[in-house]
């Protein structure tokens, strides 16, 4: 117990006296939660060029529809498709609506000429979202209507940044968990403090366990900072109880902490540890459901994502914060998190002692 | 029982590189053995094997039953962000010392090495000489019977080196067996026995005065011969 | 020149002799490119669907069409509509459809309620449209003729990889050129070798250029094999001038290195350099460049901020040159921005170096 207390105390003192750690702790909520969600998931207002070859009231009506639509910026009227294409090359317009000659006459005869919609496919996401909206706008017809009633769950008002918040909280916790403990252990190896500690005969399980326990509390502190930032800036609330949230975060952060330890153990020096942490972190963030949902992944990436502890953390946080479902829905993730923690824990001990 | 450490034919290979070759030595209570050699002679590897940080390739060593080992590394192995007092407390707890014993030992070293004014100073801000004495105190905190010091005087001035060796001799007088690795040949005369290592093997072993006589009156001749 | 080459050679040997660092610098970016390129997609690759049918056996044909839809990987049959919400968590579905009795008559035998998990602000249409088509095909044959034709220019198949590949390249170049280079610069200061360098007659500019060369060469190697991988694995060629494309990527790499140099020359420790690069260069570029979300979808203020980031200009320029085949004139604003930003970062970094070396 006494050893536990002094190891814990050592970690607390080392942490508070290393200002960078405090800065890192504060930067995460401010940059990742306070700032980044502002960029995510708002609806696009697209810009288009209209090439009117018909010069009729029907073609003017198309322009009017664009002007009055909440999805469109005022269109640019071009004399020719070439002129409009030139604008597209300069990224000034996303789409070109080309109204052919005889369009209005065709409508009167009941056999309208086809309007051509040219979309900038190189701006894939925007084109994907904007084209159907433009088509709906031009045809006065919600393409989903008629036979399907559409219900938008969990995001009825398109406040999209709130729904990325959970992903970003998960990303913040990952950064804190891996960087802090990884840099700490890499530093101990560098200054040879670890050799001295091994010589004292202290059980490495106790030593490492206490260290990880301390940093797990730091992660919980970070969680609260992120939640506070989310609440202040975006009125984010938690659907389940705070106790459930803390428990889920606590359990699912342990694999990440032990992963940080594992990396620091594997690396031969602190620079290697930093390099490994950077690349691994990017892999874990990208191959989880932080940036893109699981449904967007194909092939082996999908299965990697399912095995990725960051994905478990993200999905579990989503269930607790956004959906408010009971914990039994993430029982598998919790068990997997505990198992992975145990594996990394014992591997790290062996590596830190590095008997060869 | 006087015999503290027995090393028999200890060898360590890293691939094709032989770091320590067929090393044998005994250490009794109160002995001070100096291990000398050029950089890369195998001194640190030898010490790391005895501590248990590196596994030998072959050979063996035995440490007397109930023996406690103290260690001081080249880089002092102190926790930089903790103060002097906090380092004592931290390592005292890791050694699992009973409270009274810890307080007695700690106060003894603080007084002896005149560390009173540095107690609340972070160790990363201490001058090298003070760090060295602190590291030495910590290695002795748990009253070890075997002390392994890896180049403890590296980078220190003459006065601080003398101070440390006086502390080493005092420890030896208390019955602690001590193995010290060092570059400085003038420190050989603080030792009861010296071992000269060359490419992992023992080049010379014995009393420093006798060895010096054999080498034409100066140990440096032995060292230079080794270098050649 | 000799002095510069000496410093460059020393840096290169640092990189090549540390096997793990070499592995990280050369192999990992390729692995990263391939795996992330497959992973990040704006397309919905799998639709895990739940169906609750209260209309009886007459809905079986509709259900068959839904089950045989393209990209449907899992279909969960629910016992009742009340299970829909729980199914989202329990079964990990993205959409659920409830088929119930319609208003009656031939034209409306069923009522369909489609529930989509919008917690990502997912491209709902990519889920809704195939379901709508499947239902239409089951009920009344092919859909109505639309009076529109839509063509996707520069990407006629609307290949979604085109959205992600420039972003992945940007990430790789930022990590190697900014973060790793910045730590390398800072290492000299931490280990004290900068003092030794300051005693040589080289001067700060030559030292910096010497250190820059190996990392620049490494980034050129990355750019080369990423082009090859993009072509061979994802089928993405370069429609514009190859030379312009290569030089543009090289310019971005140099720009990233200048930012890394700036950070590394002023930070006291490499942990500090890492944190600053991560939070002020990497993370903002990840989200503000247009890689994750289009810049045009951001609020006005954020759009202005996005346009101050080198990642934004890289992605815009990349799309123009690689996809649209545009030339120098169309991409001049992006080229100018990257150049000017590089020069400013270089000058400020050099001032920091000069100050540090004169203090040493």
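For reference, chains read A, B and C in written order, and residue numbers begin at 1 within each chain.
Here is the rule we use: a residue touches a chain if its C-beta (ideal position, glycine included) is under 8 Å from a C-beta of that chain, and two chains touch if they have at least 3 such contacts.
If you're wondering where the values come from, they're calculated on a predicted model, not measured in any experiment.
Of all chains, the one whose mean C-alpha position sits at the greatest distance from that of chain A is B. Counting contacting C-beta pairs between every two chains, the top pair is A-C. One inter-chain figure worth recording: chain B and chain C are separated by 54 Å, centre to centre, where each centre is the mean of the chain's CA atoms. Centres computed as Cα averages put chain A at a distance of 53 Å from chain B.
Here the spacing of chain A and chain C, counted between their Cα centres, is 12 Å. The touching residues of chain C, when paired with chain A in their complex, are 18, 20-21, 24-25, 28, 32, 35-36, 38-48, 85-86, 88-90, 92, 94, 108, 110-126, 128-129, 131-132, 135-136, 139, 146-156, 158-160, 162-163, 171, 175, 179-180, 183, 187, 269-272, 274-275, 278-280, 283-284, 287-288, 292-294, 296-299, 302, 306, 316, 319-320, 323-324, 326, 330. Contact residues of chain B toward chain A in the complex are 48, 51-55, 69-71, 73-82, 86, 89-96, 122, 138, 142.
Listing the residues of chain A that touch chain B in their complex gives 2-3, 5-7, 9-10, 13-14, 17-18, 191-193, 195-202, 207, 353-356.
The touching residues of chain A, counted against chain C in their complex, run 20, 23-24, 27-28, 31-32, 35-36, 38-47, 88-91, 94, 112, 114-129, 131-132, 135, 138-139, 143-144, 147-156, 158, 160, 163-164, 175, 179, 183, 267-268, 270-272, 274-276, 278-279, 282-283, 286-287, 289, 291-302, 304-305, 318-319, 322-323, 325, 329.
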